[in-house]
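Look at the two complexes coming up: chain A is in both, with chain B in one and chain C in the other.
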Partner chain A sequence: MKFKKIITISLAAAMAMTATVSAAAAELTEQNPTGNTEVTAHINGSAGNVSYIITIPDVVDFGELVQPSNNDNFYKYVDYEVKATKLEGLPDLHHIGVYVKDQNAVVKGDTDFYITNKNDPSIKFKYDVFHRPIDDTTQYTISINSDTMTGTAGYKLYDFFYEGDTLDGTLRLNQNQLYGRNITDIAGEYSGYMVFFSTVEENP
Partner chain B sequence: MKSSFGKYLFLLLAGLVLILLTVSLTAAAQSGHGGTTQVIAHIRMPSEAQSEEPSPESSTPASSDTEPSGQPAQTGEDSPIFIYIAALASLILILIFGTRKKLPNDRRQNNGKEKKKDSPSAEGCL
Partner chain C sequence: MNNTQEKTKSKKQTIIIITLALVLVGCLVTAAVLLLNKPKEEPLNEPAKGVVGVIKDNWDTQVSSEPTDSPSQAKKGTQIPGYSSAEMNAGDMSIKLRIGNPKENHVGFYASLKLADGTVLYKSPLLSPGQGLEEVPLTQTLTKGTYDAIVEYKCVLLEDGKTPLNSAESGLKIYVN
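Take a look at the complex of A and B:
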């Protein structure tokens, strides 16, 4: 009987922890700027509470990459959205700054975002991140990662001032990276991660 | 034998719940679920390709293919579903074992007591 009680208590604790984990979502908040749990917090020196949720996409899929027959630019675009689904208690002259970087990015190092072959990490392709919708007709487009990354949080993606503010952006991958490669070597699934970071900032 | 089987089954399910929970927590920590967005793509083998190779003209901008937006923010991967199923099954087993009938040894003792109660008492007889 004692044994059963121990098992029962352990199981109940496990179920409680499970509920906590499964309630998590792809969201950034003030206490978990790179996490996913909604909480409220105080800003030092400011009155009231700030409570925010920045919703980011869970997965962005480039789909099938195609090997071109020449080395000309052959871009593939995929859109994404980042939204301030909740933003309360933000003091005047403040906003939520959202940054993003590649999972392996280092300050003043490689500026590119990568997707890596799951079977052979040495095979990878880079892509660029834009904080606006673009396509082949867009001119004078500069990606957010065109310059060296100077902060550990990553590149500034967008500033959110009000609840409901939405950033519609685009990821762009040049498929000419596949040109001249042995297709049997590079075939397979690719994956990479964009790491987001959010923080309350004072307006400039 | 029956009680042993049920006990082992119960332990198995409880262990499964703990394992799945550990996997879920680990995955969450690694992917920073909520703080990271996974970017994926795939390249088919030539034998799997169904369409001809594209041949963009050098004098014009390369053709593009805009994919639909990535999936909206999700509440997580599918592992919590299996955790709930395993946890629910374990809970059902707990309830079953908690309300099941007494063991045979207990029954013999109870039957003995019942027989003593049924036997007529000398007291009260006229």
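Take a look at the complex of A and C:
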């Protein structure tokens, strides 16, 4: 009898052990690789995802500037492009609003666009930003920065409603700012950086 | 009890012990086989890690990737991801938000997640094209409510990782449940 009890207990223990190993092995499947039971809930698909992609120009490059012989307007123009490369997952009746400002622009402070001498930041020249192509820009065209910059986002540049929408814009620097300056003092490399702000906005 | 009975009993005990031993050995062998056959975890290519959080090397914007321009038509530029919103629960120390540098770019990104009041919730190390996060660790949690936030992308030359280029900011709402 004693042996029967031992056998019964031993067999029960052995079967329990086998069952435990099997269960543990069964939990580690591809469907549940961590072996944990997870309760999931519905999550809004667009939240946290990339809804759109805007392509901005890498740099502001006016190339070589020329010192004029008099103080007349002497403009140099360069073009730039901002594009709604992808527009997906936007709410209905919404679009992408894009704004732009100089990297150092401050509301109620200096809101102009500048290129700055890399060796001497105190030497800098203003430039203007237009939201139209070079061919449509004359000396009488009003730049977006002639307005007052009221928000930290910058000046309103463009509204993108459809994928592929492209803004062909123009930057203009009046080289008469170089007139009368000692060329030795102002010679050097200049750089300026624009900050583009984009946000989802309701259609008008 | 006579000799024959004792011998029979002894035989029975021996058989039982052998059977028991065989069952135990069988169990052990089964256990060993199951454990040894467990699929080995493949070593992953260790992704670059930021201060906290995991930065993947094969990050994708998950928006369709068909080119909209032929290379000759497309002007040089930098692709900036934009967002509508992100969600989290009060008390969470991370948020699901796909911050990264699209693989089509040729510049580096330093990405930051900030609230409109300037509070910095996350700052990334240099993100090369194709690198990004799917879940962003936060420097602090947020209480229930709706917040205006921006993802700031400071663009730099990849060659030195510091020469600045034009930058971009994407405004979004953060909903804290």
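Structure notes:
Here is the rule we go by: the second predicted complex is superposed on the first by the 149 of 204 C-alpha atoms of A that agree within 3 Å, B and C clash if a C-alpha of one lies under 4 Å from a C-alpha of the other, contacts with A are read in each partner's own complex, and residues count from 1 in each chain.
As a convention for this text, a contact is a pair of C-beta atoms (placed from the backbone, for glycine too) under 8 Å apart; a residue touches a chain by one contact, two chains touch by 3 or more.
Predicted model, so just to flag it, every value in this text is computed and none were measured.
Within the superposed three-chain model, A:Leu173 lies in touch with chain B and out of touch with chain C [touch as defined at top]. In the superposition on chain A, contact is made by A:Ser51 with chain C only, not with chain B. Within the superposed three-chain model, A:Asn73 lies in touch with chain B and out of touch with chain C [touch as defined at top]. When the shared chain is aligned, chain B and chain C each come close enough to touch A:Val60. When chain B and chain C are set side by side, the one touching more residues of chain A is B. When the shared chain is aligned, chain B and chain C each come close enough to touch A:Glu81. Once the two complexes are overlaid on the shared chain, A:Gln103 sits against chain B and chain C alike. By the touch criterion defined above, A:Met194 reaches both chain B and chain C. Residues 7, 10-11, 14, 17-18, 21-22, 25, 28, 55-60, 81, 103, 191, 193-197 of chain A are contacted both by chain B in one complex and by chain C in the other. Chain B makes touch with chain A in their complex at residues 10-11, 14, 17-18, 21, 24-25, 28, 31-46, 53-56, 58, 61-76, 80, 83-84, 87, 90-91, 94, 97.
Put simply, chain C touches chain A in their complex at residues 13, 16, 19-20, 23-24, 26-27, 30-31, 34-35, 38-39, 61-64, 68, 75-87, 95-98, 102, 107, 150, 155, 164-172, 175. Residues 3, 6-7, 10-11, 14, 17-18, 21-22, 25, 28, 43-44, 46-60, 81, 83, 85-86, 88-91, 96, 103, 153, 163-164, 191, 193-200 of chain A touch chain C in their complex. Interface residues of chain A, counted against chain B in their complex, comprise 4, 7-8, 10-11, 14-15, 17-18, 21-28, 32-37, 55-70, 72-81, 103, 113, 115, 125, 127, 135-136, 171, 173, 176, 178, 183-184, 186-197.
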